[in-house]
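There are structures below to look over.
Presented sequentially are two complexes of subunit A, the first with subunit B as partner and the second with subunit C.
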Partner chain A sequence: MEELVNLFHGFAVALQPYNMMLMIIGITLGVIIGVLPGLGGANGVAILLPLTFSMPPTSAIIMLSCIYWGALFGGAITSILFNIPGEPWSVATTFDGYPMAQQGRPGEALTAAFTSSFVGALFAVIMITLVAPLVAGFALRFGPAEKFAVYFLAFCSFVGLSKEPPFKTIAAMMMGFALAAVGLDSITGQLRLTFGVTELLNGFDFLIAVIGLFGIGEILLTMEEGLAFRGGNASINLRVVLQTWRGLPAYWMTSLRSCLIGCWMGVTPAGATPASFMSYGIAKRLARRGNNFGKGEIEGVIAPETAAHAAGTSALLPMLSLGVPGSPTAAVLLGGLLIWGLQPGPMLFVEQKEFVWGLIASMYLGNLAGLIVVLTCVPIFAAILRVPFGIIAPLILVLCAIGAYSVHNSTFDVMLMLVFGVLGYLLKKCNYPLAPLVLAIVLGDKAEEAFRQSLLGSQGSLGVFFSNGLVSTIMALGLVALFWSAIQEGYSRLRTSLA
Partner chain B sequence: MTERSGSESGPAHRTVEIGIALLIGVFGLVVIFGSLKAGINWGAEGPRAGFFPFYVGAVIVAASAINLWHTQRGNDGRLFAEWGQLRQVMSVVVPTGIYVGSMPFAGLYVASMVFIAWFMRWLGGYRWLTVVAVAVGMPVVTYLVFERWFLVPLPKGPLEEWLGL
Partner chain C sequence: MKPFVLNVALAAIAMSCANSVASRAAWEPVRPVEFIVPAGTGGGADQMARTIQGIVTKHNLMKQPLVVINKAGGAGGEGFLDVKTSSGNPHKIIITLSNLFTTPLATGIPFNWKDLSPVAMLALDEFVLWVNAEKPYNSVKDYVDAAKKAPSGSFKMGGTGSKQEDQIITVGIEKVIDAKFTYIPYKGGGEVAVQLVGNHVDSTVNNPIEAVAQWRGGKLRPLCVFDAQPMAYDEPIADGKAWKDIPTCKSQGLAMEYLMLRGIFMSPKATKDQIEYYVELFKKVRATPEWQEFMKSGAFNTTFLTGADYAKWIEAEEKRHEVLMKEAGFLASGN
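And now, the complex of A and B:
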């Protein structure tokens, strides 16, 4: 009941005209970011983060999270109209969305995609409203060992659930931890790994890494592929929307399933991309018209979009309640919290009620506003895509440079951004996942602190991580996640040998 | 090491992959070395500064050794990219490097103008009118949005000083 009261207070905050304006600005910017190649949710939010330094934190998070929702919506537009996924999580949407557009049903595909996105997000927000306070309350009892165990679980699930080879995931993740360790050690106050370079005293800022890895890296990949747009016209009118909406309830089972997959994958830091693929795959296997998938089946648009948006939204649940972001974009938002002077984690729910519930309320409103904005403005956003890459690319590069500079007012950071960009291009081409790298840079210090504090309490014995039921359970789950692919392989071998 | 596939050639995927694995391994060694310098044992206040990064470095070296081994085993003859594609990539990386390197001296606005103009004219092949419009327009909009509206200062060079901005 108390949550309900809090939520209403949150709505009162989110409905203030200033915040509503930021919401609409955020959604619009977000869709543009999602539509443009090289600008994704994570680095788009990172570039715009400096603009919020002077805003009140609640307004800032409302605008930035709305950019995130906008980017999630925007990814679908390019996938369906141009067969170019604007975001990694909308790759699965191209499978059936683009054929539908080619068959002259772009309006239907877009309406289905946007509506499913909205349904997925709504499901995830309701889950956050109900579950987040419980998780946060539970997490208030965590000591350093439990905290480290949660980080351990988060990073192990990356290794187990990632599509990329496990040792590449581990290598990328550990590079992130190493980069996070550079500079002043927060416990002893000693300098480490700087090798006498004064610019490294404060360590590597993950915002620079995000802008470089995702922004510059993505531009370089796009340059290599050479962009040629051959997209159809986008026209949505009310008749098509209503007609499509009338047909959608028939797929309620697919939607519900995709929502659950999305929430699960979003809370564990697997993220929106695997969620969308998984949801598409399962829908294809279970659908009555499964054979028709890939040829323009509306269910093949509903499944990945619902899951991606549910995952993207629920990635904020662990970010808010535990201080462990579920996706790179959630990590950037978490970085924002630190900059605005808020300590992410369970204490937020006690100390910053207005902030937390304002954000949650804005998630309801933001996604509703997003749905309306994208449905009404698709032709405008599609027109942005027709601006040739030769103009868009230098502008994005300049924007990235501005974003990287304004984090710390340092031109050294801008050079660092380019280095990260080239690195991101190479790593991406060699199948090293970038998300765990970024998350490790964000969480490295906190994970290390929890680790060292636990060891300090136990006089250096690793037994502290198995000293009570709670911490042992989390650690055991982490180990299962770490060896998940090996377990799966062993299980399937066992089955074939038994059969 | 180059391999031919069809009419186009380029560096083999395997070569690049090995290079990356080695690079990551060397990075791991640097981390281990730095940690040893910071001290990896227990001090008065518990584990010393190098304690955690030391193990991180060790895992990096081990993981990249395994990745290297995996790469060594399989060779599918795939190309990393064609030379033409790499030239495209370099045609962005090199000017961006110059752009970024000149920023401390020329300031962000002038550097951006030159960079955008260069990119659009030489890579995009646009008319001068379009080029000038975008190359001047973007920094002006940036100035208004960042410095005037949101009060975020950006690096300035001699030109801005002369203009008194």
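And now, the complex of A and C:
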């Protein structure tokens, strides 16, 4: 009950006109940042952080978190329209969002994405409100072995639940692991696979790879197929929003499942990226029209978006209560907290009540404001696809190049992006799935690090992955997911032989 | 008429000389200044750089903007090489941590601090030995006894990065107390502290700012500080104890000292006036209440050095790192 009183007090703080104004400004800035690939939420928040130093801490965090929400919403726009995910967790949104846009249903895809984001985030905020103190402790149980188990589950659910030939999926994934291994080996502190090239010190950044593989690769494919975006006949009025909404409640099961996956993955420090991939993989298996996934199925947009935002939002909980940022953006926000003299940690909820509940209230309001802002703009975004390919393609190329450059301010990255573009084109022509490759680049080094940390701790014994109930359960789930097809086949054979 | 023309010309020349002298004496940035952080977002160096950026913006200390850029690749090697190759560009400064010494030694990248122009030492970061508050180690002696009694390698020390400051200290402790730890590297200091709270490691050597929240929350216990004197801050943090009340490790029979440089360097071939400009800038930053608050929150050692004193300090510290890293077997092959 005390939580509710605190929350209403928080609403009173967040609803002051000055804070409301900051909220709208933040959302708008965030959407702009999210639309530009490469200039993701972390960079955007970092650039705008100094703007907020003259504000009171509560107002400042409201504005910054609204920029963050805005960027999250904005990231879905380029994923759906141009197949260029701006953030790791938007990758899964492209699988069905982009085909939908190509079939002339960009408005529907955008509406579904925005609404699902809102639902996922709302679910997570409600969870934060109700069980904040309880859940915070859960993250503490996650050591390296548990973290590895979560990544293992993400990889397995992708291989086992995918409809692609498993060996092509594994081949693509291995290529991703190899790319993820380049750079500094964080366990021994030595460089590997850089061959003395100083530009490779940093390894292959996920964003460069994705902009190339998806963005450039897609343009090459489109050029081959006759210089046309097929989204030209997109309907551009607000009615499409209402029509889509009418259809959405039918997918409540997918939504709920994705919310739960998202919250769980957000509170464990695994984060939004595995959440979105896992949710997509599971939806693909369990949905009635799962066979159509990848060809423009609305459920394939709902599942990853809901999970990603539920995870992204609930990830703020470990940041506030433990001081561990779950994402680069959260890390920059954490820096902001320290500058305002707020020390995240177990005492923040006790000592800075007004701030914490002001922030939580602003999550409710910021999300709502964000949804309204982006939904009213759906027709405008959808209309972008009506621009002739000859004009839009060079613009996308320029956007991609700027995005790739701004990740590390390096022209080498732009070249790298082009190389990845060609690679993406070739892989697509040979029918290798790109998603496992990207998944492995994003999570490969994290999984490796967690694996080796666990083995260091257990002095080399693999038993550490089955050493307690939590880690054993996650590992077992992973194995089930990996061999799901075999299990299903065995089950149906058993049933026919019994019948 | 002629002498008059000549005079005017001479006067003009003299004035332009005076002008150029004056403008050289007061060099100022003419474009935005890049502030390179050779570490990721959210870490200690990053927090300090962003605090400085905030202070400079809030108090209007520079006419040009100061832009923080993270170049964390290769344990910071990316950032150092970037500044090294921007010779003669006075619009680029870098904040360093101990990876100034450890990264070139451990990875063999072609870089040495002498490639850069030293500006100023802003502060020194302390290291504290932490254990989980549930554990029965109330003093360094309890801790050392437990570490010695545990089977070799089963006592786990968590730390930031590999072959960097935390691991150097760990090897130092091993030598002093003659025990063998297993060192587990993590990405960031905050994560290390949480792993200790969750009992996934047995102890850490976190910087004060990384662990203070958990100390206040009653989850962690500080045992000693790796400095020659106790820290200066006497405001109570937890259980009526202040930073000042943490004894030095040396006084508790654990003879190991280590402090980490938080210093500023700029691109190679910087002129005296350019260095002078940044020294003055950081003097102004240090005078602000925000900076003092930041120093207090992280219990920093606020030693400030410039010029020859600074260079001498770095030189001694470089030698020390070479010895420490060599003894620990951390040098890259071919170094």
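As a convention for this text, the second predicted complex is superposed on the first by the 273 of 499 C-alpha atoms of A that agree within 3 Å, B and C clash if a C-alpha of one lies under 4 Å from a C-alpha of the other, contacts with A are read in each partner's own complex, and residues count from 1 in each chain.
As a working rule, contacts are C-beta pairs under 8 Å (C-beta built on N, C-alpha and C of every residue); 3 or more make two chains touch, one makes a residue touch a chain.
Note that this is a predicted model, so its numbers are computed, not measured.
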Touched partner set for A:456, first subunit B, second subunit C, both or neither: both
Subunit B versus subunit C as contact partner of A:409, first or second or both or neither: both
First, second, both or neither for A:144, with subunit B first and subunit C second: second
Contacts of A:190 with subunit B and subunit C, given as first, second, both or neither: both
Contacts of A:395 with subunit B and subunit C, given as first, second, both or neither: first
A:220 touches, of subunit B and subunit C: first, second, both or neither? first
Touched partner set for A:56, first subunit B, second subunit C, both or neither: neither
Partner chain(s) touched by A:290 [first = subunit B, second = subunit C, both, neither]: neither
First, second, both or neither for A:426, with subunit B first and subunit C second: first
Interface residues of subunit A shared between complexes with subunit B and subunit C: 50, 53-54, 185, 187-188, 190-191, 409, 456
Touching residues (chain side subunit A, partner subunit C) in the complex: 42, 46, 49-50, 53-54, 139-144, 183-191, 194, 198, 201-203, 322-325, 328, 331-332, 334-335, 338-339, 341, 343-348, 408-409, 449, 453, 456-457, 459
For the subunit C and subunit A complex, residues of the former touching the latter: 40-42, 46-47, 50-51, 53-54, 57-58, 68-69, 71-75, 77-78, 81, 106-109, 153-154, 156, 161-164, 167, 182-187, 190-191, 193-195, 197-198, 200-201, 209, 212-214, 216-219, 290, 293-294, 297, 330, 332
Interface residues, subunit A side, partner subunit B - complex: 50-51, 53-54, 165, 167-168, 170-171, 174-175, 177-178, 181, 185, 187-188, 190-193, 195, 216, 219-220, 223-226, 388, 390-391, 393-395, 397-398, 401-402, 405-406, 409, 411, 414-415, 417-418, 421-422, 425-427, 429-430, 432, 448, 451-452, 455-456, 460
Interfacial residue positions of subunit B with respect to subunit A in the complex: 13, 16-17, 20, 24, 27-28, 31, 34-35, 37-39, 42-43, 45-53, 56-57, 59-60, 63-64, 66-67, 70, 80-81, 85-86, 88-89, 91-93, 96-97, 99-101, 103-104, 108, 112, 115-116, 119-120, 123-126, 130, 134, 138, 142, 146, 150-155
